[in-house]
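Structures given as structure tokens follow.
Below are two complexes that have chain A in common, paired first with chain B and then with chain C.
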Partner chain A sequence: MESPLAQFAIHPLFHLPMAGYDLAFTNSSLAMLLAFLATVVVFMVGTRKAAVVPGTLQSVAESIYQFVETMVEDNIGHGGRHFFPLIFAIFTMVLFGNIFGLIPTNFTFTSHIVVTGAIALFVFCLVIVAGVARNGLHWFSIFMPSGVPAYIIPLMIPIEIISFLSRPLSLSVRLFANMLAGHVILHVFAGFCVLLAGLLGGFGIILSLLPLSVNVAFMGLELLVACLQAYIFAIMSCIYLRDAVDVHH
Partner chain B sequence: MDHDSAKLIAVAIAVLPLLGVGIGLGHLFAAWIGAVGRNPEAAPTLRSLGFLFFALTEAIGLFALVIAFMILFVF
Partner chain C sequence: MPLSSNESDKSDLEERLRQATERQTVRSVHAAPAQGDSSVGIAARSGIEFVAAIVVSVGIGFAADHWLHTSPIGVLVMLVLGFGAGLLNLYRTLNGIPVSVTSRSPGANSPVADDDEING
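Right, the complex of A and B next:
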């Protein structure tokens, strides 16, 4: 049985040498492109013939839109309307990437920390840039929690700074680890089926229905986790971006 | 102790935080059920909050898993 981590290997589909580097088009890029196309198709076809009573695809597109709109409104507040396109893009990219990766033999690009880390670092930098641009140097008062006794402030400020700096790490590791763990579990249980059938023959094939049914149940759980992690990623981005919009909340 | 057995013991120690995550999830769901039982009208709000906190707590267990994988495959 090959390693459960072999499914996450990135290999180039064709090479693209440019300025001394190999900007290869990999299976990860292909998965991203396909997920992007799926997103575009859902939203283009869904909203092309917009009716008052929405059809199936239109209500999918509308409910995703409305879901993100409510999330931005509730968590960033009214000053966060500018961030809606960003949050919507993050949410749909992570959601379609996660669900796309659940289709067997497909590659899950969100299971790589380089993808999740890039999005998380972008959000992190945006919080600083937008915070300083909107509030000036006053923005740095988010590191000073209000309502604490004066003697505890020298302790609180370093803690606040460390917790602020660890945000992109926890945001990216949460998504990547969830995807990695889910797909490793699916691989391990699929491996049990192969092992049982190989060791015991015909009786093993009947026995292997057991790990197979566990795998089917895990598939349902992974579908929940895929949607949940996209939601968590988007809502945590909202909560972080709130620091840039209003300093005192 | 040779390198491989030390590595396996280190991996076993690295997943010990699952103990805390299990206790945390138990508390979370106990509080969730208790809250819904006391105030069934609040169930829709509590459901989304519960899922949010479930995923945040579960992520801590997965951090441990990542550390375990790093010990297992990197060193």
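Right, the complex of A and C next:
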């Protein structure tokens, strides 16, 4: 049986040497391209007819759009509309990446911390850049907690800064760890089926229905996790971006 | 049930409509500090918040020690600060719970309330 971590191996599909580096098109790139194309197709086809009574694809497109719109408005507040395209892109990309990763033999690009970390660091840097651009140096007052006694402020400011710095880590690790753990569990239980059937023959095949049914249940759970983690990733980005918009704490 | 099924359906619908409207107003009142609506979401992300602050903090302390040759001091100080930051993160994450509990409580009791009002 191959290692449960072998499914996360990245291998190049074709090489693309450029400026001394090999910018290979890998299976991860292919999965990202698939997720991107699926998003484009859903929204292009879904919004083409714009019927009053929406069809299947149109209601999928509309409900995703409305979902993200409410999320941005509730969590970033007024002045958050500039960030809507970004949050929408992050949400759809992560959502389709997670869900497509559940299709057997398909690669899950969100199970790599380099992918989730890149998105999280982008959001993190955007909070600083947009915060300073909108509020000037006054933005740094978000590290100044309000309503605490003066003698405790020298302690609170470093704590607030550390809390701020820990955001990209918690944002990226949460998504990557959830996807990694889910796929490892699915692989391990699938491996039980193969082992039982291989070792015990006919009786083993009947017995292997047990881990198989567990896997079916886990598949449902993983579908929930895939949607939930995309939602959490997007909503946490919203909450972080809120700091760039309003500074009155 | 004392009422005919048609009438009870109608009053049931009206009751549910009233509750949905109520829930909507409660939610919009509490909308400002909302930190995500689902309690599953809060549970899923509370653990990592605590650990992330400590890891980042100790990382900074370790790097500072490496550059300034103050071996254990930086890590020790930053460990304590990181613990504080982790608790702060945790506190902020869990603060989202009361909001979603108040906005959900009318819906959670609805089946019981429905029956009582129809029968009485």
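Worth a mention:
Assume the second predicted complex is superposed on the first by the 248 of 249 C-alpha atoms of A that agree within 3 Å, B and C clash if a C-alpha of one lies under 4 Å from a C-alpha of the other, contacts with A are read in each partner's own complex, and residues count from 1 in each chain.
Definition applied: contacts are C-beta pairs under 8 Å (C-beta built on N, C-alpha and C of every residue); 3 or more make two chains touch, one makes a residue touch a chain.
Predicted model, so just to flag it, every value in this text is computed and none were measured.
In the superposed model, A:Ala181 lies in contact with chain B only, and not with chain C. More residues of chain A lie in contact with C than with the other chain of the pair chain B and chain C.
When both complexes are overlaid on chain A, the residue A:Ile162 reaches chain C alone and has no touch with chain B.
Once the two complexes are laid over each other on the shared chain, residue contacts for A:Val173 go to chain B and to chain C alike.
Look at A:Ile235: by the touch rule set out above, it reaches both chain B and chain C.
Annotation: chain A residues 170, 173-174, 177-178, 228-229, 231-232, 235 touch chain B in one complex and chain C in the other.
Put simply, chain B touches chain A in their complex at residues 51-52, 54-56, 58-59, 62-63, 65-66, 69, 73.
Those residues of chain A that touch chain B in the shared complex are 5, 170, 173-174, 176-178, 180-181, 225, 228-229, 231-232, 235.
The touching residues of chain A, counted against chain C in their complex, run 74-75, 77, 155, 158-160, 162-163, 165-167, 169-170, 173-174, 177-178, 228-229, 231-232, 235-236, 239. Chain C meets chain A in the complex at residues 31-32, 34-36, 38, 40-41, 44-45, 48-49, 51-53, 55-57, 60, 78, 81-82, 84-86, 88-89.
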